[in-house]
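For clarity, chains are labelled A, B and C in written order, and residue numbers in each chain start from 1.
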């Protein structure tokens, strides 16, 4: 089997190449970038990173992004938990249609919502706040969270619920003390995906913010449009955005494949 | 499998979800529908136009062009990423520490903000200072994605393959892992060749997973905006202006509310229709 | 078709086994004669699947050799050993018809279509699958699918041994009996060696001519069902076989006679040599104990009605002794005396039998 191991290795090398190039550039001075073509920094510099860590317009971008992603994950998963429970355990008027309608929102092109969101969130005075982006991302994150959680919950036998009632648990106590620990893995997976899709999304995040809540993505594109002058800085900013993602994957590495495989798959 | 109890109070459970999603979906959509059938000359005065905008959009060459580009793009993406993803998943280790390492490394492109993906590839593919651009030109091929439409397409597709194939790999891998060993053992005993094992055991058992992968990749590539926008800005010229990019130009750039709204609805409908077809196929299999 | 031998086979799933517990299979040498119907019986985790996979070639043993007739096959892959295996859950090629499923192994081996057709129909008839030949395999019930699995093994005329790994696990209880009888019938008709792995003693005892009992990686006894019942060589065999299992009571030995509860117990066999420091026990099945006017004094604790007989649970000091009383038989209400049938009383040292003598 060793000879076939070449395929994943080649693929991973392919994946690492642009990342390596980005990191490479982040440690170079602008002069070196524009002047020579080098596979590693001849004039190694930390200036780009220092700028980012000391300039509020830069590091605030990260805070803003992490803020709205965090808020969104909390809102999405919290709202999805009772809903998923209902879909998993109960029949009610319109349940199948509701579920389908939720899924269709995952299929909505963000571009379609750019302008209407701009108007809507301005109208409710939430424009340029992390909350606006967090709420906007609920559009596609909540259906996803419901879908994932429902899959996990359906794997838990109803007998567990019934036993708890017989033992005298009230519903809230049962849900918090017994049910949630049972589906902890599912909650982890749902949080992971909410984090992922909110962290990477740019269009809505940019549209709904301008100065105060500007995400790192917007700060970067401003730099990119001054084509070429601040490539090193851009590269450093980009490299830093990879880190939270890498962390998150590392922590959920055992659940990645498992999460996909449960329920619906 | 349905041992659910009927409970009208269930609506309280789904209320938060309904409120949050409806707020984000229904109100904007109503706005869009509103704009799509009206004309405005400013000052918030609207005139009913009926289906005029829809006709305009559906007949406009610009729309045909960007729709055409989008369809070609999505087709190429699906044709490359799905088989490639499956092929890689087939060769991945099945157990041991390497599994985690592989999965983590492969998942990394998926968690990079989309604008950084675009920016990364921009830097990577620049003809003089980017590793890829420099290398291709060093081979004697004249390559500049900022000026040549073919190079722009090539780079955009390569970027998307780099970005999203891992999703297919992860899904396919999960599907493969769920096949019990006994199937492979039985195939060995039956004397089956590797191709037969793939065709009769692995592929059928991965059907559900592959449907999800194809559905997701179709939807996301059809709605793609950020990465190509940051990479090429839609150019050179219009050559990589896909549907979302065009729509945003019309809506936020030109503020042509009517045509933008009509285009939005048509766009949404296309995605819904194709996705619905896939969804039905998927559900049909489950009933069998 | 040939005799199968395992010589000094030992297996560990670890690359560097150190302690005894690291070995999934302790050293063993077992012969399987040509055409025999064997059961491999033991609780979960005892190593029976490991042993099965070594015979079929899905596993190569860490130590030892596997022989098919005169040929050593220890490293040979399964498809060259001419074996067939039926798994715990049905393994069928869902996208193919029943016909194509049965034909698959033959097509892979390059037989001609007319030959294949003949064989497939013959086996389909034998297994009552003829009606469903043209339906998609995925549409059959669990027992139908298991029959297809079995059929794929039977279509090949060169099969040395057919192995069953708990094949009735997913079958409905009322169909288990039907399939079991079918298997027995097939064995009598075809005469191929069959090895049937199970943890269910009923399955094992009704199917097999010879039963191999395993525990914790060791073969504990090989014998006919009657052998296992009447002359268990290991206390585990005594426990595991029979319902309820054998009574195992701590005892001592004085001048060649077992002593229990202070009094010597009559026994028709001699006690052979044993380690002086060994733990000694008497083994006697509930079927061979009866109430008497004198003997071992016991207190009656519980009576369970099991249909044609009752299981009486009695207590002597710290020991629980169970015996069977046929339906309608009388028994005392509170205190009583028990006698053990001397012909069926055995003595065990460290779980292994030490009584010798005329085995009736």
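Details
One rule holds for everything that comes next: a residue touches a chain if its C-beta (ideal position, glycine included) is under 8 Å from a C-beta of that chain, and two chains touch if they have at least 3 such contacts.
Being a predicted model, the structure only gives us computed values, none of them experimental.
Chains making contact with subunit A as well as with subunit C: B. Summed over C-beta pairs in contact, the chain pair with the top total is A-B. One simple way to say how far apart two chains are is to compare their mean CA positions; for subunit B and subunit C this gives 56 Å. Our note on geometry: subunit A versus subunit B, Cα centroid distance of 16 Å, whole angstroms. Residue numbers of subunit C whose C-beta contacts span two or more other chains: none are found. Residue ranges on subunit A touching subunit B, taken from their complex, read 1, 4-5, 7-8, 11-12, 14-19, 21-22, 25, 33-34, 37, 39, 65, 75, 78-80, 82-83, 85-93, 95, 98, 100, 102-120, 135-136, 138-139, 142-143, 146, 158, 196, 199-203, 207, 216-217, 220-221, 224, 231, 234-235, 238, 241-242, 244-246, 248-250, 253-254, 256-258, 260-261, 264-265. By the touch criterion given at the top, residues 2-8, 10-14, 16-18, 20-21, 23-25, 27-29, 31-32, 87-88, 91-93, 100, 102-116, 119-124, 128-132, 134, 162, 165-166, 169-171, 173-175, 177-178, 208-209, 212, 219, 222-223, 225-226, 230, 243-245, 247-248, 251-252, 257, 260, 264-265, 267-268, 271-272, 275, 279 of subunit B touch subunit A in their complex.
Chain contact summary for the complex, subunit C toward subunit B: residues 56, 58, 77-79, 83-85, 87-89, 91, 93-96, 104-105, 108-109, 138, 149, 152-153. By the touch criterion stated above, subunit B contacts subunit C in their complex at residues 180, 182-183, 185-186, 188-193, 196, 200-201, 204, 288.
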